[in-house]
Amino acid sequence: MTAEPILDLAHLAHVELLTPKPEESLRFFVDVLGMTESGREGDSVYLRGWDDYEHHSLKLTGSRTSGLGHMAFRTRSPQALERRVAALKGSGFDIGWSDGDMGHGPAFRCQDPDGHVIELYYETNWYQAPPELKPALKNQAQRYPARGVSVRRLDHMNGLAADVRANRIFFETYLGCRLTEQIVLNDGTEAGMWMTVTNKSYDFAYTRDHTGSKGRFHHVTFALDSREDVLRAADIFLENGVFIESGPHKHAVQQTFFLYVYEPGGNRVEVANAGARLILAPDWKPITWTEEERKKGQAWGLKTIESFHTHGTPPVDAKGH
Amino acid sequence: MTAEPILDLAHLAHVELLTPKPEESLRFFVDVLGMTESGREGDSVYLRGWDDYEHHSLKLTGSRTSGLGHMAFRTRSPQALERRVAALKGSGFDIGWSDGDMGHGPAFRCQDPDGHVIELYYETNWYQAPPELKPALKNQAQRYPARGVSVRRLDHMNGLAADVRANRIFFETYLGCRLTEQIVLNDGTEAGMWMTVTNKSYDFAYTRDHTGSKGRFHHVTFALDSREDVLRAADIFLENGVFIESGPHKHAVQQTFFLYVYEPGGNRVEVANAGARLILAPDWKPITWTEEERKKGQAWGLKTIESFHTHGTPPVDAKGH
Amino acid sequence: MTAEPILDLAHLAHVELLTPKPEESLRFFVDVLGMTESGREGDSVYLRGWDDYEHHSLKLTGSRTSGLGHMAFRTRSPQALERRVAALKGSGFDIGWSDGDMGHGPAFRCQDPDGHVIELYYETNWYQAPPELKPALKNQAQRYPARGVSVRRLDHMNGLAADVRANRIFFETYLGCRLTEQIVLNDGTEAGMWMTVTNKSYDFAYTRDHTGSKGRFHHVTFALDSREDVLRAADIFLENGVFIESGPHKHAVQQTFFLYVYEPGGNRVEVANAGARLILAPDWKPITWTEEERKKGQAWGLKTIESFHTHGTPPVDAKGH
Amino acid sequence: MTAEPILDLAHLAHVELLTPKPEESLRFFVDVLGMTESGREGDSVYLRGWDDYEHHSLKLTGSRTSGLGHMAFRTRSPQALERRVAALKGSGFDIGWSDGDMGHGPAFRCQDPDGHVIELYYETNWYQAPPELKPALKNQAQRYPARGVSVRRLDHMNGLAADVRANRIFFETYLGCRLTEQIVLNDGTEAGMWMTVTNKSYDFAYTRDHTGSKGRFHHVTFALDSREDVLRAADIFLENGVFIESGPHKHAVQQTFFLYVYEPGGNRVEVANAGARLILAPDWKPITWTEEERKKGQAWGLKTIESFHTHGTPPVDAKGH
């Protein structure tokens, strides 16, 4: 009988994005994506989709350049947090405790082998909608805004990594994440991996950084309710002069219906829909895509756009030099 | 620090429906709903949606009358199964081990206080599509049939219960299910409860049987990818002379976009979509709807149809009297 | 060889609605429906959907009570306008020329047998979007607003009439409109009629006023691009506290996917989608629905709501008594 | 006062496609596209969408090679047919009368300057559905099949032409078609034109044949009700191994939501949706796209696929040698 799976992480909770154009980025997330501002502190503005239950799912921080500040997972319980901290301490990946942030309690910081900073916490503040944002139905966090794209909730984060395999092993070993799909090249190199801690088919992914840089960010994704919503988003991006990099189209990997744009700060943002697709099997066998299979492009034949392998944030020049 | 949640059940795995019109029922599930037959044994035909990963999600059994044969949950691990069996044994709700069935291994049978039979098992046969049903994308269980409604997967089961509260306590205590929403009348009676073991907002529900009968079945639901798919299903039901009881409309409870019909054997079947709505919070606080709130009807004002409180299977006359 | 059809009217151009709550009504049309204000004059505000090519499709006029001010058709040519005027003059239905209005040139006024005022004109001002409302694609009249429901264009108008048959004959004889569907009761009474001058299956309709009043208004309809857009509108109406009278559901008559609400002034407003359904046959034979057929309710079984036969504007008490 | 427009053509009625693989082509149109066979004669099979009101909208004819047999317009009246015949006779474009075909009466044949054969007729046989294909709603031609893509109706035809301008003038002068959009290159060459005889924004189009061949066929398009239906079609094509050339995506020109595939005979087939977009203005001013504007690609940035300018049927080698 094999060991039981680790089930300590509850879900991806929020992502902190850095932007050199904080005002323009904020206007994009509020006016075009339709997110709601729920707080400000220092150089950061806290934002949320209308169905995110916590205080925020995006922390937007004015900075010298673009990229990922950190990503955060909420654990399933205080005990689960303790177990993960115990596993990380002394691993070389641990950073240490922080006092928390607006919206959540004490967080333990660590970093993956590629250098992305990850926070783990349990204590959180459930979002309390002010009167003008109270929803009509009490089982909803906030009123549907009907402004711009009106993203529902944070869906997943995609990082770039120089060594995808090392990151995969880190997330499996220390955080108990499950691999659901991956790309393995003919020479055995792992070129992409998709992992989950929920019934979603992925909560985060890492793909290979063809520039060889470390710690870079590929995109953050917000969920919409239908493919039609993604098409409508494309119309809205078009009307607002937002650069559309690729899509709408359907990925072969994970079958996500995707649309990628760049926000004014340069970070890639995706809106996506996965329909009713969920991973319910507790013993899901990871799907492995070969180099030949990936050359076929996306599900309906669209070729993967070249910038998808090279555009990350911060730009390579700006990263630590 | 409160105790950690029980996470032993992985998901609702299948439902066995009894039908006095096995041929007509089979034609409904295959030709109109678009399910695929994956096996036959005795009086039973095994059926599946194109995204169900196990051998089947519906067992259709010819019988004297209609109603629920049993419902089954798959556990997260063999150890999880052992823990649930240990908890159930001697509880008065335990029935005992069965050798399993086509498509899965040994199952432990129990019954809820209202008399519905529940199976728990871990060992299962992953569906192997024959060549003509192989999907184009390898991360999919079976080819999309494009025949009739083409339901994706089993979503949830709804039973009727004389005492909803007793059932709720049973599922919380012995199976570790989480309550996400409920209806509590002014006199304190629990009139409905929705529970989950996944990130879906519910995997099963029980609502009060106004006839006072026990062990009856309300409906089984199959998931579709979008609200548009549900509307399309309504068109298909209309063209095929299937009785539409209510919908398409949006429930206030759980916000499901629903459509209810009766299959030829008399059992109520729902096709539904929940969009990207998931319960990600590990500490979700159950939503309680009051008697007054429920009188408002469904989300957009449709009054709840009267037969929703009375039509269950088997018919009251046929139930063991 | 039968006579050739009259093809003089091009399309329903605009509707003037009266409202006793001009400010609240305006907020509804702009903030909730997502229309754009394109002018003001006296007690009137001119409004448009983002794909209406003329200056406006709705004239909202503050008034003592609610109801229809007038409806207007644009003719296909100046010659066509002359022909219709010649036919109407001396018919008893003619009112006479007006100098036109903001957005269009001289208009000839007439009234149908039930007393609704109709304007015919040819000269019009094509809408010129100001810079901030310029669309990204030059084949579109105005930028998609992504605010509230965001209705595309005026679709049709529905009046109430004491004598539906008399109105039908008037529109056939004097304006060359084509009957596409109708309801005829067992005693021969015409209870409803749907007429077109385009390839849309109807541009206006009249249904019997069960109160016996004359000249009343039933509803005005704005088109959306998909059924999903109509469902989204229902969500938006719910969040904004707008009274939903009926829908979303599919009419048996004309198969329109409908949703009816009341704007603050009391007038019924519909948002609807007809998919790709068009009447292309130049010799379409009118579909006649019998009393029995109409008792079956709407396409998927929803019963026609009682207020649909009684609620019109102005309220019966307020109508000229 | 300018002359009144000619309104003699009612709509594009059907297209005859030639195929060197008649059995495979037939299976594609019936099983994958979901069309219904309504007759056979000689080497031809007659097919229809479920909302086409005439006997057929596609005539599929086994042949040595692929391409267009002919396209046909129905006129608005017998008189209108007479007027068009009178205009064509002696023009050099007239071919002469044929006795008609299965499903329609006598037809006058002509050809455009590029050599595509066009039929005009008025007398037609309305489709009479056999009992098993009777629709539930009497205002519908045929039951919705829920098999494969289930195309609704013929939408438009696109031909290739060596001299697009000559074709445009022919259709304006002799048939009274209206130009709604066009592409004009910097040197004045007309590279594409979209024309209508209805309220649809186009019923046919011609684009420049970069190979310099004459009389070739680009694609035929069938209408679906929503963009979601087009996405669903992409999934169905994928599962059935149908070659997807481009899409789903939104054209800048005409804003059509498109998806192009090749049927087994080599002819390009499109399924598309235009939402509620109609040309209602009787004096629509043609939209002219410049060479620079077209270089931007489709509405959301997809580059126009190279084969779109070169793949036509019959293949260049097979044409007239």
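Letters A, B, C and D name the chains as they come in the text, with residue numbers starting at 1 for each one.
By our rule, a residue touches a chain if its C-beta (ideal position, glycine included) is under 8 Å from a C-beta of that chain, and two chains touch if they have at least 3 such contacts.
Please read these numbers as outputs of a predicted model, since none were measured by experiment.
A rotation of 180° superposes the C-alpha trace of subunit A on that of subunit D, rounded to the nearest 5. Two chain pairs, B-D and C-D, are compared here, and C-D has more C-beta pairs in contact (counted per touch definition above). Annotation: 44 Å between the Cα-based centres of subunit A and subunit D. With centres set at the average Cα position, the gap from subunit B to subunit D is 46 Å. Centre-to-centre separation between subunit C and subunit D, using Cα means, comes to 32 Å. Shared interface positions of subunit C, i.e. residues touching 2 or more other chains, are given as 136-137, 226-228, 235, 238, 299. Within the complex formed with subunit B, the subunit D residues making contact are 135-137, 143-144, 146-149, 226, 228-229, 235-236, 238-239, 241.
Within the complex formed with subunit C, the residues of subunit B that make contact are 226-228, 231, 234-235, 237-238, 244-245, 247-250, 257, 299-302. For subunit C in complex with subunit D, the touching residues are 1-2, 4-5, 7, 10-11, 51, 53-54, 74-80, 126, 136-140, 152-153, 155, 181, 198-200, 223-228, 252-255, 273-278, 280-282, 285, 287, 289, 293, 299.
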